[in-house]
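The following blocks contain the structures, represented as structure tokens.
Note that chain A is present in both complexes that follow, paired respectively with chain B and with chain C.
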Partner chain A sequence: MQSALLHLRSEDKPVLVSAGFIVVILVLGTIYTLYTQGTAPLFSPNYLLQQLQTGAFLGIVAAGMMMVILLGHIDLSIPWTLTAAAMMATAVGGDLALPTGIAVGIAVGLVNGIGVAYLRIPSMIFTLGVDSVMRGLMVWHTGGFAPQDQATPLMRFLAAEKLFGVPVAIFVWAAVSVVIVLLLSRTAFGRSIYATGNREAAAYLSGIRTRWVIVGAFVASGVCAATAGILLAGYSTKAYQGMGNAYLLPAIAAVVIGGTRILGGQGRYIGTLVGVTLIVLLNSVLSIMQMPEAGRQVIYGSVIVGMLLVYGRDTRSLSG
Partner chain B sequence: MSDQPFLQLTGISKHFAGARALENVDFACKRGSIHAVLGENGAGKSTLIKIIAGVLEPDSGAMFLEGQQVRFSNPAEANSAGVVCIFQELSLVPDLTVADNISLAAPPLKFGMIDRRAQYRFAEAVLARIKCEDVDPNALVKDLSLSRRQMVEIAKAVGKSPKLLILDEATSALTRKDVETVYGLLEDLRQDNVASLFISHRMNEVERLCDTLSVFRNGRHVETFTKGTKTDREIVRLMIGREVDAHFPPKPQAERTAPHLQFNDLSWEGRLKGASLSVGKGEIVGLGGLDGQGQKELMLALFGVLRGVEGTVKVGEKTGAPLSPAAAKREPRRICLVPEDRKTEGLMLPMSISDNLLAASYSRVSVGPFIDPALESEAVDAAIAKLQIKLGSPQDAVATLSGGNQQKVVIAKWLMTDPDVILLNDPTRGIDVGTKQEIYRLMRELADEGRAILFYSTDYAELIGCCDRVAIMYDGSIVAELAGAAINEEAIIGASLNLHASGPEAVS
Partner chain C sequence: MTAMSALSTNMRQNRGLYGAVILLSIIYLIYNILHPRGFSSAVLIQNANESVAIVFVAMAQTIPVLLGGLDLSVGAVMTLAACIASVLVNGSPLQIVFGMVVTLAAGTAFGLCNGLIVVYGRIQPIIATLATGAIAIGLALFIRPKPGGDIDGDLNWALTNSLWDFVETYGLFDPDAPWFAPVAWIPVPLLIILVFGVCVWLPFRRTVLGRTIYAIGSAEGAAFMSGLPINRAKVAAFTLGGFFASCGGLYLAIQTASGNADITQAGAYTLNSIAAVVLGGTSLLGGMGGAIGSLIGALILRVISFYFRILSIDPLLQPLVEGIVLLAAVSLGAFRVLRVKNRLELFR
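And now, the complex of A and B:
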């Protein structure tokens, strides 16, 4: 957050607003727990680490989603890409479990990318179709029942163990984050994503291979979803039907709350990190408050819409 | 024919953001006459008809219809006063039927609902009047050919029973047979005492149809005269006669170098029809002609944007057109294109100046897979210094720069790739005089460094001042090549209008 505060620019505003909101959530939650239980567990390292571990799955999905949203596209195939990668990884098992899961992500990303970039089908429709196809394939594969395959020890280690008192999943999330940040800010591919998302025609006429860029971003999204799926299977020891369903909307929300322009071209990765943290903490505090599920959904949705109202307008006007 | 003009304009002026489009224009046209409006690109013809048709409101001046002062605030008001315009860009709704389109503004009603049968009969009658019985009123407009659509557009206008009909390049997309039909229609309308304003770049059309001609230049009405009182040469001279307001760097002694960029017989989807030209190293070749004669398509074809281009292209020793801009900019061709619209094709406006400058040369500032920040800022600083781009910080959004500096960013972006062939699509459009001069100087410097430059401009003065040779495009092919002293406005405009045409033409 320090670097964001140093040079304040228009795209930093959402990051600051969401970071402020995280503090508000923690303070309100603490007031509640102090009042009801007389303790302040929300600021304990253990609680925060546990939240970050939960957040790692969402964070990895959101990192990939951000690459696609930066292009002005969207990847709705994430739920079943994630599930398929988890199911394939556990089904193959052994040393090949991880490569198999990642390969599923790459394959789905390639299909999505080719459909959007070369066949010029709107990503909203195409990825939705791919999601449905993946679901069909997985139901076929499992016969509609919960698969009996167990996660490999490596998967369990990555998702559920601790290293130096810190959950390994957080290290995985951090590694993915470093890769994404390097990719976005220090490679031609990352710069091309921003250029293409801002104005595809101008990027194309600058000699950027915009189709490859689109395919690349969808592959990145597929790989991220697959990674999250492998971790999630390790965390719950097995893959199960619909395990990815809870990640699509929060991932999009985290990216957009973090200030990435939904029409593409603008956004910083730190924003996505903050967005993920916000969503995870909001969920957790609401459940600590024993808010009934219905109320949680209403508050959760209202916060997302409210945050977008706060800064969604001026980021749009920048499109000029 | 009465002596009172049907339409009269007095002292009409219109400015757009400081630039004058029309200055104190007096203009009149009579019923029962076909009146041609002539002028170069940007002479104010389009603004004039938009004001008459109610699309634009004048800044000052008055407009009279049959002696009554009128003020149209939208095209519907103009229509109800009998002023109907057929614009260059079609205004049909593609997903509605022909009959729907013809009576779009005021459909026949029955109990408050559209009376489909009456609408169909009306469309049939109007189409019959313009001899387009082959068009089914129930066909969807999007299923019709461009030529048929234009005829529906004309039917739509005729269906409004105009007293004054304005045709803005309305025959440009028509087949020869339809053009004849439109001529017949205009003759009929003249008999019916309708006034027609006819805007066309085709001198032979004007010669054949019109009885009165008005020439516009630089937003002013120069002269109105009856057909036959002036020769073509005199008309062309009236259309030019403009003060030269730019200074150009001196041209070197003309010596033809070996051709570096050559193309032969380029054709593409009816927009390019066998264009051939060669450009040598160190040479600036101008591309002239009226708007939309295929200049833009030619540049896009050479840059690898268009699919299905026929003909041969040779750059240096490399034969064949590039298949994408990414291929065009690399070895061995090293072509660059400064596109027509810098805001949508040249720049990513919300992104920083530095990001825009680097957009074509990531590989030049990378070490291994990663962009090196030191190389990056070095390259950006060098580009900014070379073109003297005036800016606050390279991290500012490029949208914050003035038009001239934005164009410099586009040019600097390409110079970073060290191109051998530079295609410039009207690079000085809409930028200030000072920056224009800098660009002229830069072009000459680049040519002296041995690059081949193809330079399209809508400003004849630039073609004359900057270019070693000028090629004029007309209807998708290059109809004239001028060199040395032969590069003058009369020759350029004459060739642009294809006055000495021997090539194929829509009407002869």
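And now, the complex of A and C:
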């Protein structure tokens, strides 16, 4: 019982620290705006909802990324999976737009999963290669320009409209979150992900089909990236080159800041949610301060390293 | 052990490296046959110039990979070094040398920071360098918000042409001297690659730290039990990586006479460096391979991109072909899966 309590604490610590950091960001940002403009936009519900709406895209990407990181793998193919899904969805258009986009995500996830699980190629390099191939396919498909196709009305509705005063994108994010939480905590698949992430050999010996689990997680990641791509295309009314580039690093950062172990096997979805919120708020405070891109990158990197130094440290072990 | 069996052991251990050398020779030979001005010094100079930066970045990536880690900041550190160089490398000869030293020192210091964070912060190299890479790009953007810069013209000319031009630019001696003629055609960039590859990497690999890096990549526990300086070797690995990356940045700045804090370009260099490391026969699991292999791997990647120019392939296909080459190269490693007798060995 005692050890269970300690264990719980070690998993809660990142969530608490990140939540505390969110408060710090809000307070510092508000002091800044009060000082310069005399207003406190960070605490107005409308502003927060608007920030969360743009945060929804990152949140959905991070949800998929978390499934893969829980296995101790990583999915670097997200930028162009997202872009490819958006481009294919807008190119097909009509009622088939959404299924097409999701299908792209499933296809990329399957390729990633097979490469990592069956060919046993390190996920880092294999997904990088897949990302590069997807980029090549899209550049070939579009001729290197932004495609002219428009997002369908349904995509517009999902990404940019409001329902009961709340942006629909937030509902989509919530739905994805519920699915992920149920998957991770209530299904055999979710338990298998944790087991495989902890020690794949042990999971295999206890009868888990670890390779299917890996393929499943990569498919989930692909579908999440595709969903985010479809939403993003709806939000900006069309797909464009490199639309996914800004999501990879923040998604990994959100998952890791939320306390998920980069080596796999440990992490809770609530942490990822807090991590995403932290990054979205940090971004919005930096843009209120009109911080140039240079400062943003430095602060971004420093926050990740700083938070990991507080709680992300590996315990010293010889097995490596 | 007889000479014969020593040779065969050598062949077996360096199979990846020799394969890469043979592949490079074949594709570069065909390239020169197809090229209208093939087998000329001019073509060689141009090709060498375009290869230096990626070769250095690939060598930088090799060392953390030998540890079993990965450095996602190499492209960013290279960009940072290029931006510093684009500000400092001009003026009097003394100032130029000072600028070059500062550039290399900055990149090396950044590598050292990476190493310290990984070793003493105990953060996984992948995520630590992902974050420090963002910091490096940020610093590069501070130094050079818009592409541009000022590099000494003589230096640019001397380092991007043949030895003959180098000697002539600085008036070292009569470049037409008969004894100089046999080597006058050699491109300076090619010499730079070889000098750094041979004079920095090979001696380093024979030191205790160099051997420790290999030992850590093979079995960290065993390396620790043997009393090897694990922490120092890890820090040294990332520091040397930073040094090589800044060499690449310095040359890129001199070659293009400018600096450009381009995030996309930095990412592309990091990606290509990993591809080059894999092509050069270094195992991503660590402990096997070397910087010379990555040098060859980077050259292979470059020669493939040269083909696009002479074969009038649609340039839009280039990213696709690059991606497929990368995937094909890493999939070669998958043959291991077919040979494994005990399936449990796969799960490590």
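In this text, the second predicted complex is superposed on the first by the 305 of 320 C-alpha atoms of A that agree within 3 Å, B and C clash if a C-alpha of one lies under 4 Å from a C-alpha of the other, contacts with A are read in each partner's own complex, and residues count from 1 in each chain.
Throughout what follows, contacts are C-beta pairs under 8 Å (C-beta built on N, C-alpha and C of every residue); 3 or more make two chains touch, one makes a residue touch a chain.
Predicted, not measured: the structure shown is a model, and the values here were computed from it.
If you put the two complexes together on chain A, you find that chain B and chain C bump into each other.
When the shared chain is aligned, no partner comes close enough to touch A:Leu110: not chain B, not chain C. For chain A, the partner with contacts to more residues, out of chain B and chain C, is C. By the touch criterion stated above, A:Ala201 is placed in contact with chain B and with chain C alike. In the superposed model, A:Leu49 lies in contact with neither chain B nor chain C.
Within the superposed three-chain model, A:Val17 lies out of touch with both chain B and chain C [touch as defined at top]. Applying the stated contact rule after C-alpha superposition, one finds that A:Pro122 touches chain C and leaves chain B untouched.
In the superposed model, A:Arg209 makes contact with chain B only, not with chain C. By the document's definition of touching, of the two partners only chain C reaches A:Ala294; chain B does not. Contact with neither chain B nor chain C is seen for A:Ala160 once the two complexes are overlaid on the shared chain. Once the two complexes are laid over each other on the shared chain, residue contacts for A:Arg186 go to chain B alone; chain C is not touched. After superposition on chain A, the stretch of chain C whose C-alpha atoms clash with chain B is 5-13, while the remaining options among 5-13, 41-49, 113-121 or 221-229 stay clear.
Overlap of the chain B and chain C contact sets on chain A: residues 199, 201, 204-205, 318-320. Contact residues of chain A toward chain B in the complex are 182, 186-188, 191-192, 194-195, 198-199, 201-209, 265-266, 318-320.
Across the interface of their complex, chain A is touched by residues 68, 70, 117, 121-124, 126-128, 130-142, 145, 219-221, 224, 261, 263-264, 267, 271, 274-275, 278, 284-285, 314, 316-324, 326-327, 330-331, 333-334, 336-337, 343-344, 346-348 of chain C.
Across the complex, chain B meets chain A through its residues 303, 305, 324-326, 328-330, 337, 339, 344-351, 355, 358-360, 362-363, 366, 369-371, 397, 399, 413, 417.
Across the complex, chain C is touched by residues 74, 115, 118-122, 124-126, 128-137, 139-140, 143-144, 199-201, 204-205, 210, 242, 245, 249, 252-253, 256, 262-263, 292-302, 304-305, 308-309, 312-314, 316, 318-320 of chain A.
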